[in-house]
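Inspection log for the structure reproduced underneath, given as structure tokens.
Chain nomenclature is as follows: A, B and C, assigned in order of appearance, with residue numbering initiated at 1 for each chain independently.
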Amino acid sequence: MSALQGVLATAVADHLAARARWRAAELVFWGAALASVFLLPGKHLILAEIAILALFALSLDLILGYAGIVSLGHAAFFGFGAYAAGLLAKHALITEPVLGLLAAGLLAALLGFACAFLVLRGSDLTRLMVTLGVAMMLRELANRLDKLTGGADGLQGITMAPVLGRFSFDITGHTAYVYALAVLFVLFVVARRIVHSPFGLSLMSIRGNPLRAGALGVPVNARLVAIYTVAAGYAGVAGALLTQTTAFCSLDVLSFDRSADLLLVLIIGGTGYLYGGLIGAVVFKLLQDALATLTPQYWQFWIGLILVIIVLVGRERMSGWWHAAVAQGARRLGLRERP
Amino acid sequence: MSAALETVGLVKSFGGIAATSNVSLAVARGARHALIGPNGAGKTTLINQLTGVLTPDAGRVLLEGSDITALSPHRRVRRGLARTFQINQLFADLSPLESVGLAVSERLGRGHDWWRVAGSRSTVDDSIAEILERFHLADVMHERTAHLPYGKQRLLEIALAIACGPSVLLLDEPAAGVPEDERHDILGAVAALPREVTVLFIEHDMDLVFSFAERITVLVNGAVFTEGTPQEIARDERVKAVYLGEEPVHA
Amino acid sequence: MLTILFDGIAYGMLLFVLASGLAVTMGLMNLINLAHGAFAMAGGYVAVALVNKAGWPFAAGLLAAFVVPALLGALMERTLYRHVYAKPHLDQVLFTIGLAFMAVAAVDFAMGTQQVFVQLPRALEGQIDLGGVGIGRYRLLIIILCGLITVALQYALARTLFGARLRAAVDDARTARGLGINVSAVFALTFAVGSGLAGLGGALGAEILGLDPHFPLKFMIYFLIVVAVGGTSSITGPFIAALLLGIGDVAGKYYAPQFGAFAIYTIMIVVLIVRPQGLFTRVAGK
């Protein structure tokens, strides 16, 4: 190897490693999240909801933003995790939240693994049908198995033990928020490792051009099954968090609206850079709060309108504005060096 | 001399039209073998069957003597069969660095690493650097592929195939669309391949074919029309007739 | 037993007419339109308004249930949909879910949440007895009407100049334009007819499927199954898929009321495992 090549190899290593380095804006983001624990004590209930939604959206980003799979029924895994955690707690099988979370996540991942083989068959159209179909089927199942799930009345009588045996859930949502935020952070860090690994790179290549990815030796289907399984696990954990923090679980966790709203959340924040789902969750909940007070009944209308506008204006253009605005803000705050 | 790549009675038809009819072809190890023929002769369809994008209706594909007909595209790559595409098939959102990094990671069996950050293995990085330098891509390695000039994209197209570390390389019109003055980069890189790498290439530019190929197979209407050394093909009046007959289409 | 088969066929043919427009736009024009059910709902509510409230005859109501959604479809195609033809499927999904949501909320606001029915003329009520098999008159009408529509549709696509133009426009829009075909007009008309048929199906089906503001979302899965399971190469595939779905759903709900709703999902999954590309697929081209 020539000396020049040695230099180049170092540059290659540096630049690949730089992709995974934590940026200042990221530290600010998590710093702000941590600060909210102390500065916004009255808002912990809604903040916990936001953290859960953010985790759910992060899960969708893994398959949509990184692997290019459009899903109309991601709520299937969210709901499955929600019911799994609820049933485990209700029947006193696992009442400690963290263990319950792990169990629910694993079960949802198993379901995701099984579904992945169906989802990967065929075109976008079949994928839409399967993802939507599986979610609707689970909802119908939860509805029919009312002896187990409580049917339309929801799963009641869930009592959770304190988190790690020490922190009990309280009425202000303080424990719930800290717990949800901690789980979100841990799983975010894992997702971040995944997308910056060679495995993550191969996912992006599959999204960009599956034909070429295969021609470079990437086992396309195996990689998609793997990420679909992981994403399903993430969604299951998000669902389990909802059940645990609210001590309740209803058919609503499996509804189509939840899957569709999730698409909106991710689209608001932007796909394929992990923070999209997190930012989208904050914006979405704030919007929901604002619009719901305006016309609580017709919230759905506004969701629809936003979706239509986003597509007509163009996601690319919007994310262009968004990135420009963020970059501008970051420069002003001195977070990022000038280009 | 044993064949590095061989087809036995390959047949493929689309809706009753034979795109490949009973093609038996042997590419010797270390060969520089050209596949020529008029438009619509079924050259790319044949390549697609060799690489596993299409499944033949009948016949077999052998790589280094073992049957790979039933293998998926990525498994054939792992066995040492790589290809380029006639029309660039690149990753528009990734940089050349990332694209080559991907191919090298897969070759070295690191593609499923999901925890280790890309770039943290020196064997992978050295190999990436070597490819980037060989294909004159080092200066643009951070740019989005979509923003590269066409000549660089074409280089990347070929660099990716070579990054797979093939023993048999299929080039589908490697110089297609590349202006005259940029061709030598591409041809130089192909010519500099080690002798043990077997090259089968499709090309329309006859100057290029005759300067590079040591053996030529002519494909017409999906079937092998004739095969021989460049001298034999150049003398063959029937081959000329086939090409002359096509001339008005080109004009 | 035969009555169930008969009901299933009526239900299936209804599903086909509802989804036929979608089969054409998704299959031929490669547009994912999840708001298709909104046009069906529009037809249903038009019929309800005209027949129940304004006292129009049933047949006139059906005609209006075709015409109004068709015009609406043409208008939407010209103003909105044409901007998303070239966009990625994800955008089409988001856009059309958005439209569906807006339609649901708007109808909810204007007409209320409760389920509505179209008043049938006396002559269509009740059953007739055919060799011991009880056959609902209204269902018989549905079968006859939908059968006629299916034949007409098949003829229009395969045999008429318009069908040829549509196929040319879909295969290669640029060449088609070069041949003097007004591609955008062809697409607009196709979309309009598809929407109109959905509207007609919505009006005809109000009695059987039920009609409320959530119709577009509730039946989205049925439409997707008809198109995806049927395959997108011809309308024969979706037709057979619709029949299969209709008979499966009716029989499932009759024989196993508790779990009959799962028949359609079972059909979906089984077909997908056996024939991932749909029941009927065009031979893959180059």
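In this text, a residue touches a chain if its C-beta (ideal position, glycine included) is under 8 Å from a C-beta of that chain, and two chains touch if they have at least 3 such contacts.
Everything numeric in this text was worked out from a predicted model, so none of it was measured.
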| item | value |
| --- | --- |
| Greatest separation from subunit C - chain, by CA centre | B |
| Contact pairs, highest-scoring chain pair | A-B |
| Chain centre separation (subunit A, subunit C; CA means) in Å | 34 |
| Rounded Å distance between subunit A and subunit B, as computed from the means of their C-alpha atoms | 40 |
| Centroid distance [mean C-alpha coordinates] between subunit C and subunit B, Å | 46 |
| Multi-partner residues of subunit A (at least 2 other chains) | none |
| Residue numbers on subunit B that touch subunit A, as the complex places them | 51, 53, 72-75, 77-78, 82-83, 85, 89-94, 97-99, 101-103, 105-107, 110-120, 122, 124-126, 128-130, 132-133, 138, 141-142, 160-161, 163-164 |
| Residue ranges of subunit A in contact with subunit B within the complex | 1, 4-6, 8-17, 19-20, 193-194, 196-202, 204-205, 208-209, 211-220, 223, 226 |
| Residue numbers on subunit A that touch subunit C, as the complex places them | 64, 70, 72, 118, 121-126, 128-130, 132-134, 136-137, 140-141, 144, 256, 260, 263-264, 267, 297-301, 303-308, 310-312, 315 |
| Residues of subunit C touching subunit A in the complex | 26, 32, 34, 80, 83-84, 87, 89-95, 97-106, 108-109, 217, 220-221, 224-225, 227-229, 232, 258-259, 261-262, 265, 268-269, 272-273, 276-278 |
